[in-house]
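Some structures to go through are shown next.
Consider the two complexes below, in which subunit A is the common component and subunit B and subunit C are the respective partners.
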Partner chain A sequence: MLEAVLILTAVGAAFGSLLAVASQKFAVTVDPRVEAIKEALPGANCGACGYPGCAGFAEAAVSGVVPADGCTAGGSDVSRRIAAILGVEVVEREREVARVLCGGGDRQAPFRFEYSGIQDCQAATLLAGGPKGCTYGCLGMGSCVRACAFDAIYMDRNRLPRVVEDRCTGCGKCVKACPRRVIVMGPVSRQVHIVCNSRDRGPVVRKVCTVGCIACRLCVKECPREAITFEDNLARIDYTRCDNCGLCVAKCPTKCIVSTAGGMEVARGA
Partner chain B sequence: MSFVAIVVSSILVNNFVLMRFLGICPFLGVSRQLATATGMGAAVVFVMTLASAITWVFHHTLLVPFGLAYLQTVVFILVIASLVQFVEMVIQKTSPALYQALGIYLPIITTNCAILGVALINVRQDYAFLESVVNGLAAGMGFTLAIILFAGVRERLELADTPAALKGVPIALVSAGLMSVAFFGFQNLFRFLFS
Partner chain C sequence: MALALRKALAGGIHPPERKHLTAAQAIIRPPAPESVVIPLWQHTGAPGEPLVARGDHVKLGQKIGQAAAFVSAPVHASVSGTVVAVEPRLDALGRMVTAVVIESDGLDTPAPEVVPRSQPDSLSADEIRNIVHQAGIVGLGGAAFPTRVKLAPPADKPIDTYILNGCECEPYLTGDHRVMLERGADCILGLGLLMKAAGVTRGYLAVENNKPDAVEALLPAAREAGIAVAVLPTRYPQGSEKHLIKSLLGREVPSGGLPMDVGVLVSNVGTAVAVADAVYHGLPLLQRVVTVTGRPVRQPANLLLRLGTSFAAAIALAGGLGEPAGRVVMGGPMTGTAQFSLDVPVVKGTSGILVLGRDESLAPVSTPCIRCGRCAESCPMRLLPLYFDAYVQAGNYSRTGELGVLDCIECGSCAWGCPARRPLVHSIRVAKGEARKRS
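Now for the complex of A and B:
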């Protein structure tokens, strides 16, 4: 009995002191700022900064490889805190959110064939250009929803992704996840969007989608600020010029220009 | 008992995860991706080999002479946990690259039942020192084999059209059970190999 207690105590003490000595001898000094920045980061490990997780970004920020505002997901709040820790200045930028530039849900853009493969946009687009008639639009399988680390995207009943602006951090993960490049980042204050991604000519677009851009150029003529330009049969809004006036929204014959002004999403057919 | 028999037994016939049902938590927890599963497997091989060697020494130089074999479990936990902590510190200091690859998994498995299991089985089977080390190495390789196979299955399951109620962990548990049943096929291996 006594032996047992003694030996167990001795073994415990021996290993305890070994670890104590080792922790001194093999101590690795870590910059305290790394820990401080890690605390300030959102901690979602989304990878938008290009580093494997928030810890990787914190180390890169301390060593000066990335600027203090490199964490897009955190926004200006986090940027300011990191800048304070590092003792540098940051320039304020407007918050960007994801914009889905396609209005062709199941009701507007019909299918060419029935797809029963892997429920993933990447996989679907590889099969004969995807099951939808339009080869530029949203496939509706929600790869962007799964890519979002912040629960800011959901699929509506029309199988179109919807972005919850308040939750979107602008990390850009969904932009990369979309094989059709339907999602773009835009300043949060710009509320008029041309929700079409088709580069096809007007008659072709008309066949595959009821709300596609048919390249009529009425919006270009209407816009007083010359914010809309044309390229590859598709109208595009220059967000730096647009002032949300909404004249083009009323003019568009296929209603593919929408305005989210007043916090109201124009949920077509949803 | 020959070394070949020990290796075949620990990897296939008495696979730690799929036949002895030890080390289930890292098996389920770290098998989402092939890369992390491989890292986990490497860490387990390392710790199991190390634990087999050190616990054999403690058992035969300290516990047996003093008639304290009944303290195995307590002493083994103490010894393995401290040792792995120590090795982790050394690796962090001397080889940051190895620490990045292995280090994060080490604390998770220090007091894992599979690690303690291999130490206790070594003692119960009355293995000599080298046999113990080989058994530890083979047991770790068996774990690695199981977790890598399982991670491959789970990566495909992610893309499969699983019923909503079975998504995630439930379907993983079902697959693990099926893998275990498959490994039952090795049960009679020795009759063909060694008779």
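Now for the complex of A and C:
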């Protein structure tokens, strides 16, 4: 009995001191800031920053490869905390959210053929550019919804994506997932949007969609702040100039300019 | 000399041929249509540039579109008449392509340059290549690759063999079969010209063994010209050029490579006939044999159609439809493209117009993969389609690249035999698109 206790104690002491020496000799120095930044990050591993996950971003931030506000998903809150950990300054930026610039759902913009392939927007564009009559509009198969790591997009009954502003972190994954480039990022406070992506001429747009931009330029004339520009048969709003006055919304003959002041649902009349 | 049967390709399938609908009927030359829509982009490569404007009068065979780059091809008027529009029109691949719309005057007045050549046999290789280019000749097997580009390989790729491809392994299509039967001598003549242009002395004419009459028709002319007729086992996709080269010569085209990397050029029999027409008769490529077939078609036939004839007109020339159509496909059932409008024109790459009945074109209902491995067994490229499908569903595109998705020839053998009816080829196309984006 005593023998066994002594032997085990001796073995334990021997291995214990071995481990103690090893932990001193082969110690890996971890920058405590990496752990701290990892704690501050959202932890969704969305990959919007370009790194495989939050841990990868944390290391890159400490080594100075990415700026402290490189985590778009975290927003200004996370940026401030990371800046504090790293001891640097960050410029405050307004939170950006995804804006879907197409209003042509099933009711407004019909398909030109029946599509029975893989239900994915990328796959659908491989067949004659996609089944939608409008070759610029949303295909309605939800690739953006699947790309979103934060559950911030859903498809409505009209088969158009809707963005839940409160949940959207502005990571931009949906922008990359859309083969039609229908989604853009815009400052959350800007509420007037030109909800069309068609570069076709007016008569062509009229044939394929009831709510498309027909290139009439009434909005350009109406805008007191010269916030609307015109290119490739499509009006575009400059969010840095727009002050949400809504004059263009009232003027647009096809109602493709909408205000989200009362929420997307109200604006589009779902 | 006819060669003994060669080894069949590894993998592949044997779908019902359905060639009996049109195989026994001679090619019909219908009257020219009243109007044609001629896209300036009918080939692989850069779109052509228009040479005519609205209101111009054009003659038969006049050049109306010029090549815009080295890999491009000119386009010619297929009727004489008045240009009524030069505007974007829908083509059979669903693209909006600049097209010249010509209202025919019904006279078919030939352009002055369309005259038989006086001394065709004294032409040099360079001259033949130039004629082939000026005549707008592209591969008529379906891919429509400009033939002149093929005939001018880089100096570090010596070519020793030219194969004329008369396999026509796609079900339903019989245009090449009829061309070999009716214009066998011109096939051999055209192959001779192609060989001269490429500086090659060894030529093969490859035919599947389901066309013994074609072999018989070609033998006398081939024997005289010293060209070997190779008879291959009937197995889809034997007509794929990579597999043809492997079966005939035992050479394997490297991954990502072209036939010229193993010293071989391959052309379709229709292309050879077009080359013979261009060199001997000065005739540019303005018509082609199109198999209009399928159960709903009243009189399935091989029609020699002017380029720019609409699909609707082509089907009407074949007697119209006797039952409602479920699907209209350009090309064959394995590799063709489904159409959503019959208002698209026949182009250089249109080998057939296939109409399927309602019951033949039901959308498949996919169920989960049962990992039976049938797709891997039938894949002639020795790939693993089931994993491409699984990785595409998981969004893991880099893995599909590692598994060689870019080597897939999209023959459809995997999807044809899949008991779970997975959309394998569609998945592979998605993966290829992503892989190209990344590279």
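In this text, the second predicted complex is superposed on the first by the 236 of 270 C-alpha atoms of A that agree within 3 Å, B and C clash if a C-alpha of one lies under 4 Å from a C-alpha of the other, contacts with A are read in each partner's own complex, and residues count from 1 in each chain.
Note that in this section a residue touches a chain if its C-beta (ideal position, glycine included) is under 8 Å from a C-beta of that chain, and two chains touch if they have at least 3 such contacts.
These figures come from a predicted structure and were not determined experimentally.
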Once the structures are superposed on A, label A:G129 by its partner contacts, choosing first (subunit B), second (subunit C), both or neither. second
Would you check which partner chain A:G50 touches, where first means subunit B only, second means subunit C only, and both and neither mean what they say? neither
Scan A:D120 for contacts with subunit B and subunit C and give back first, second, both or neither. both
First (subunit B), second (subunit C), both or neither touched by A:L18: first
A:R112 in the overlay: touching subunit B, subunit C, both, or neither? Say first, second, both or neither. second
In the overlay, answer first, second, both or neither for which of subunit B and subunit C A:A4 touches. first
Can you tell me whether subunit B or subunit C touches more residues on subunit A? B
I'd like to know which partner A:P32 touches here: subunit B for first, subunit C for second, both or neither. neither
With the two complexes superposed on chain A, say which partner A:G64 touches: subunit B (first), subunit C (second), both, or neither. neither
Please identify the positions on subunit A that touch both subunit B and subunit C, taking each partner from its own complex. 118, 120, 123
Touching residues of subunit C toward subunit A in the complex: what are they? 93-96, 337-338, 340, 363, 423, 426-427, 429-430, 433-434
For the complex, give me every residue of subunit A touching subunit C. 112-113, 116-118, 120, 122-123, 126-129, 135
Of subunit B, residues touching subunit A in the complex: 58, 62, 66-68, 71, 74-75, 78-79, 82-83, 85-86, 89-90, 92-94, 159-161
Contacts from subunit A onto subunit B in the complex sit at residues 3-4, 7-8, 11-12, 15-16, 18-19, 22-23, 26-28, 118-120, 123
